[in-house]
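Both complexes shown next keep chain A, but they swap its partner, so chain B is in the first and chain C is in the second.
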Partner chain A sequence: MTQLLPFTLGAERYALKLTSIQEVVDGAQLHYLPVTPATFLGAINVHGQVVPVVDLPLLLGFDPAPVCQRFLVLSPQILSLALAVHQLESVINVDLQHLALMQSDEPQNCIAGVVHWHEKMINLLDLEQVGHIIETQLK
Partner chain B sequence: MRIEISHKFVLGFVVVVGSIVFLDYLVPVLGFIPQSMQQFVSTLGALLVGLVFGWIFSKAFTSNIGILTTGAERLSHGDLSRTLKLRKGLVSDETEDLADSLNLVVDNLRKVVGKIRTTSVRVNESSQGLSASAEEMTATSHEVAGAIEQISRGAETQAEMVEKVSRVIRDLAGSIEQITASSQILALSSAETTKTAKDGGQLTDTALEKMKLVLSDVEGNSRQMVSFSEHVQKIGTIIDVITGIAQKTNLLALNATIEAARAGEYGQGFAVVAEEISKLADSTSASAGEITRLIDTTRDESLRVHQSMLDSVRAIDAGRGAIDSTSGVFRAIIEKAEDAQGKAHKITALTEQQNKNATEIVAAIEEISRVAEDNAAGTEQVSAATEEQSAAMEELTYASQKLAQLADELLTTVSRFNLGSDAEAPA
Partner chain C sequence: MDMTKYKAMFLSESREHLQKMATLLVEIEANPQNSASLDALFREAHSIKGMAASMGYQQTANLAHQLEDSLDHFRQLGQIDSATIDRLLAGTDLLARLLEDIHADRTERSTAAFLAVPIAAATQAAPIAAPISAATLPQTSEQQIRLSLHESIAAPGARLLVLLKQLESLGQILACQPEKNRILSGGNYRKLDVRLKTSVTGAEIKERLKVYSEISQLDIQEPKPPTALGAAMAGSTTVRIPTELLDRFIHLTGELMTNRYMLHSAAQQKNWLSLNEGLGQLARLVKNLHHQVLKVRMMPVETVTARLPRLVRDLARTSNKEIHLELEGSGIELDRAILEELTDPLVHMVRNAVDHGIEHRGTIVVRAWRQRDQVMLQVADNGRGMDPQALRRQAVNKGLITPAQAQIMRDYESFQLVCLPGFSTAPQVTATSGRGVGMDVVKAAVEKLGGVLHIESAPQQGTRMTLKLPLSVAILKALLVRVDEKLVAIPLTRVLQTLEIDSAQIQMSGKHRVFSHHEELLPLVSLRKILDLPNPQAALQISVVLTEAFGRKVGLVVDGFAGQREVFVQSLPAPLDHLKGLGGGTILGDGSIVFLLDIQGILERRRGGEPKV
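Showing the complex of A and B:
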C-alpha cells in the first residue's frame, strides 16, 4: 500500500507520493524572486532553507494558482522546490499494483500514471518531467 | 184814426147825402148862379161829391185787397221771404188787421220752417253720427266678443294650468313631507354619528396609549436584539479561532503523516495517531463550520428581526401619526355631525313651515281654481251679452240710418218754403 496526497489542478485531480514530500507549510512569508519566469511565485524559508515556489497549475497550462499560503515542499533529494496547487485533499492509501503507467512516447505531459480510486481518476504527477520543464524555462 | 169798412160805407152815404142837402142850401146863398141853374148846379155838385168820394174810397179799398191777395198767393207758393205792406191811408180798417194777421202767420211759419230745417239738419247730422258711432260700437263689440272669446279660451287654459299647478303643488307637498321625515331621520343619524365618533375618539386615544407601550416594548426588544447580535458576533470570532486551530491541527497531522511515511516501518504507529488527530481536526473543523453556518443564519435572522423591528418602530410611528390624524378626524367628524344635527333640526323646522305653506298654497290654488271657473262662467255671460249688444247695435245702426233718411225727407219737404236770405243759413 502506498500513501498519496491528492490535490486538484483546475477540474483535474493529481497526486504525489507522501515519500516525495518533505512537508506542507502554511502561512510562510513569500519572497519575490527577481528575473524569474512567471511560473515562479517567489521563495519561502523552510527551516532555514530557501526554497523557490512554482505555480504548478500555470506551469502545466491550467489557470494560475490562488493566492494561498499553503505550499507542498518536496523532498530535497528529488527536487528542492515548493509547489502551489489549487486545493489539497486528504491522504489516501492505494495499491500501486493497479497503477496504469502512461506511454513513454508523450514525455511532456508530466503524468507518471493514472490511479483509479473510488470511481475517481487521479493522475500521478511525474516530478522528473516537472523538473525538466523548470530547467528548460530557467535556461 | 180807425174806421171800420161798414162804417166807412155808412159815412160815405152820409157825406154824399149831406153834400146834396148842403149844396141845396149853399147854391142859392151864393147869388151869382141864376135861379134856373141853381137846381142843376146843386145836383151836379152832389154827383161830383159822390163820384169823388166813391172813387177815393174804392181805390183805397181795392188796392189793399190786391196787396192782400198777392201776399196770400205768395204764401200759398211757400214764399215766406217778404212781409205784406199796405199803403198807409188816413184811416185804417180791417184790411190792415188782415195784413197784420197774414204777416204774423208768415212770421210764425218762417220760424217754424227755419226751426224744422235746422232741427232736421241737426237730426240728420246726429243720426249720421249716431250711425257712425253705432257702427264703431258694433265693430268694438265684435272686437269685445273676440277678446271675450280669447278670455274664455284663456280662462279654460288657466283652469287647466291651475289644475296642473294644483297637482304639482300636491306632489310638492308630498315631497316636502318625505323631506321632513328624511330630515328627522338625518337628525337621529347625525346624533348617532356624533356618539359613535366620540366613542371612536376615545378608542383612538386608548389605541394611542397602547401603541406607545408597544413602541417602548419594541424599542427594548431592539436593544436586546443588538446585544444578542454582539454576542453572536463574539461567538463567531471564537469559532474562527477554533477553525484556525483545527486547520493548523489538520496541517500538523498531515505533516506528521508525511513524516511517518518517510520513517517507513517505524512510523506506522505514529501514522495511525496522526490520522486520528487529522480525523479529530476534520470533525472539529466540520463542527466549527456547522456553528459558523448557524451563526451566519442567526446573524441573518437577527438582522432581519432588527430590520423588522426598525420597520415596526417606523410603522408604529406612522401609526401614531395616523392615530393622531384619526383622532383629529374624529373630532372633525363630531363637529360636522353636531353641525349636521343642528342643520337637520333647522331643515325639519323649515320643511314643516314649507309643509304648512304648501297646504296654504293648495288652498289658494283651489280658490284660484274656483275664481277661474267663475271667470269662465262670467266670460260666457259677457260673451252672450256682447252678442246681444252687437245685435242691438246693428238694429241701432239700421234705425239711425232710417232716421237720417227721414230727416233728409223732412228737409226736402221743408225746402219748398222760401225763407229769404236771412233765414237760409240757420245755425
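Showing the complex of A and C:
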C-alpha cells in the first residue's frame, strides 16, 4: 500500500506520494523573492533553509492559489521547492498496482497516472514534469 | 590494513609535492647554479617515492625513485642543464597522470617506456615537455545525454531499455534518470537522462544513436575539459587543519557549554540581568566561532598561483617569447570556494598576457593583496597594452556596438569591450588563447562571486587586470535596501556610495534620467522598475545606491536604506541557481528571508546583454 496526500487544484483532485513530501508547513510567512516569474510566490524559512514557493495551480493553468500559509515542502532530493495548492485533504492508503498510467498526450498537465479511490479519480502529480515546466519558465 | 583511508591523504600530499617540484624546476631553469633549490627538489622526489612505496603504488614509486636518483646525481654535480629539466618535467607530468590513475582507482599506467631512457643520458634527444594542459587531459570524459522519444511510439519503456543498453556498451553509466529498474517495472517514461563515462566523443555517440528513429530529441553535452589547475583543485577534497586551530574549537565549545548552563539557570531564576549578560557572552562566542570556522575555509592564493610558473614557462616556449613571471602576495588567504572559482579565470588572464600582451620579452606580475575587507588579485604585464581607438573600431566592425556608441565611449569604458562575448584583439588565432574567448568567462566568474573586474591599459605600457574579491562567499557584508516595502540586499563590494539626492538635481537626458555627481553626469536606474514593481509616489528626497555596471557608474534609485550587515548566504536550489540577477538568500535575525541582487545581472537581463547603460 502507498500513502498519498490528496489536494485540490481547481475542480480536480491531485495527489502526491507521501514519500516525496518532506513536510507540510503551517503558518509560514512568505518573503519577497525578486527576479522570478509570477508563479513564484516568494520564499519561506523552513528550519533555517530558504525554500522557494511555487503557485502550483497557476503553474498548471488553474486559478492562482489562495493567499494562505500552508505549503507542501517537497523532499529536497526531488525538488527543493514548496508548493502552494488550493486545499489539502487527509492522507489515504491506496494500492498503486491499480494505477492507470496516463499516455501523456498533454504533458503540461503533469499527470503521471490516475488512481481510482472510493469512486473518485485522483491524478498522481508528475513532479519531474513540474520541475521541467519551472525550468522552462526560468529560461 | 585498510589503505583507502590513507589514499586521499596520499594523493593530496603527493600533489603538493609534485606542484613544488614543478615550481622548483622552473626556478632552477632560470638559475641553474642554485644548489639549495636542487636539494629541495631532491627531497620532494624522495618524499613521493617513500609514500608511494609504503602505499604499494609500484609504478609511481619506481618513477619517483628514478627522478630522485638522477636528482641526486645533479645535486652532486651542482648544476643541471635545460634539456634535463624538460625531461624531469615530463617525469613530473607522468607522475601527475599516475596520481590520476590512483585517484580513479585504475591500475597505474606503465612507466617502463619512460624509465628505459636514463634521465641524465637523455640530454640531447629529449623531447620538449608537453604543455601542461595537454598532458593532464583525461583519457575518458563524462558525457551528459538527454533524449526523448516521439509521442507516437508504443512501448516506450522497452525502447528506452534498448537505448540504455546501447549506451552501456559505449562506457560506464554513472547515473541514469529514470533509473533502469524503474523503467523495467513498467513506468511510462519517454525521456532518458544519462551521465556516461566514456572515451567516445559526443559526436560519435550522436552518430551511434542516429539509427534509432524513435528518438525525437537528442542533446549531448560535451563536458568542458578541466584545466590542469582545475583538476588539481577538484582532487583536493580533504582539508588539513592545524592542531592549534582544533584546540581552539574545543576551547570554544567548552565556553559555549558553560554559557548554556549560565543562560539556563538565569532563565530559571528569571534573573534578567544575568540573562542579558549571558546573551552578550553568547554573541561574543558565536562571533569568535564564526571567525575560527572561516579560518578553516581560508587557503592561501598560492594554491592557485603555484602552477603558474610552469604554465608561463611552457607558454613562453611554444610562443618563442622570453617571459619573466613574478608572484607577489601568495600568502594572502581567501575562501576556498572563491579560489576554486578563480582557477580558470586566472589561467585565462595569464594566457592573455602571454599571447596578446607581451610581444617578445617582458614581465608578468601576479600579485595579491588585502584592501580592507577585500582581496585584490592582479595580473599585470608590461607588454604592448591596448589601444582604446582600436578596441572601439573592432567592436563596431563586429557589430557589438554602434558607431554612435563608440563615439561617446570613454577610454576606460572601451577596455571593458574585451569582456564582450565574441570579442578578440589578437590578429591571429593562437594555440594558447584561442579566439579571444575567455575574458567574458572571467568577468562572469568574478561577478558571480560578488567581485568586480577592472581593466586598465595604455599603449606600450602594458595592461593590468584587477579582480576585487570578497574574502568569503558564504559570509559577506551586504547593504539592505527597501523597495515597495520589501527588502533586498546588495553585496557591499558592489556599492561605491550611498547618496540622498534632491529630486531637483535630476535632469533628463533624452529619455533617461541623469544626475550630476562630482561634476559627472550619471544615469539613474529605478530598482522598482527593474524588479517590475509599481512606481513610487514622487518624493523630494531620493535614495540612490551608487554602483558600477558595464564599467560605468550608475545610480540605482531605491525607496530607502535599511542598514548594513554581515549575512550568511545560502545558494539557491536548482533551477533558481542559474537565474541571472539573483545572488542567493539569507535569513535575518528575525527569521525573515532577504535575497541578494546581482546588479549587473539584472541590468543585463533587462537590456538583453546590451553593453551600454
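Here is the rule we use: the second predicted complex is superposed on the first by the 136 of 139 C-alpha atoms of A that agree within 3 Å, B and C clash if a C-alpha of one lies under 4 Å from a C-alpha of the other, contacts with A are read in each partner's own complex, and residues count from 1 in each chain.
The criterion applied here is as follows: a residue touches a chain if its C-beta (ideal position, glycine included) is under 8 Å from a C-beta of that chain, and two chains touch if they have at least 3 such contacts.
Remember, it's a predicted structure, so these values are computed and weren't measured experimentally.
If chain A is used to align the two complexes, do chain B and chain C fit next to each other or clash?
fit
First (chain B), second (chain C), both or neither: which does A:A100 touch?
neither
Regarding the shared-chain residue A:Q3, is it in contact with chain B (first), chain C (second), both, or neither?
A:Q3 contacts chain B only, not chain C.
Touching A:S90, do we find chain B (first), chain C (second), both, or neither?
The first partner, chain B, only.
Looking at the overlay, what does A:L138 touch: chain B (first), chain C (second), both, or neither?
Touch partner of A:L138: chain C, not chain B.
With both complexes overlaid on chain A, does A:L81 touch chain B (first), chain C (second), both or neither?
So A:L81 only meets chain C here.
Examine A:G113 and indicate which partner it touches, taking first as chain B and second as chain C; both and neither are also allowed.
Only chain C; A:G113 stays clear of chain B.
Given the overlay on chain A, how many degrees, to the nearest 10, lie between chain B and chain C at the CA centre of chain A?
It works out to roughly 130 degrees.
Examine A:Q49 and indicate which partner it touches, taking first as chain B and second as chain C; both and neither are also allowed.
In the superposed model, A:Q49 contacts chain C only, not chain B.
For A:L18, using the defined touch cut-off, is the partner it touches chain B, chain C, both, or neither? Pick first, second, both or neither.
Only chain B is touched by A:L18; chain C is not.
Specify the partner with more touching residues on chain A, choosing between chain B and chain C.
In the superposed model, C touches more residues of chain A.
Rounded to the nearest Å, state the minimum C-alpha distance from chain B to chain C in the superposed three-chain model.
19
Which residues form the common part of the chain A surface touched by chain B and by chain C?
Correct list for chain A: none, the interfaces share no residue.
Over in the complex, which chain B residues touch chain A? Could you list them?
So the residues of chain B touching chain A come out as 247-248, 251, 254-255, 257-259, 261-262, 271, 275, 278, 282.
Over in the complex, which chain C residues touch chain A? Could you list them?
Touching chain A from chain C are residues 151, 186-188, 190, 486-488, 531, 570, 572-576, 578-582, 585-587, 591-595, 597, 602, 605.
Along chain A, where are the residues that touch chain B in the complex?
My answer: residues 3, 5, 18-19, 21-24, 26, 70, 75, 88, 90-91.
Touching chain C in the complex: which residues of chain A?
29, 31-36, 43-45, 48-52, 76, 79-81, 101-105, 112-113, 131, 134-135, 138
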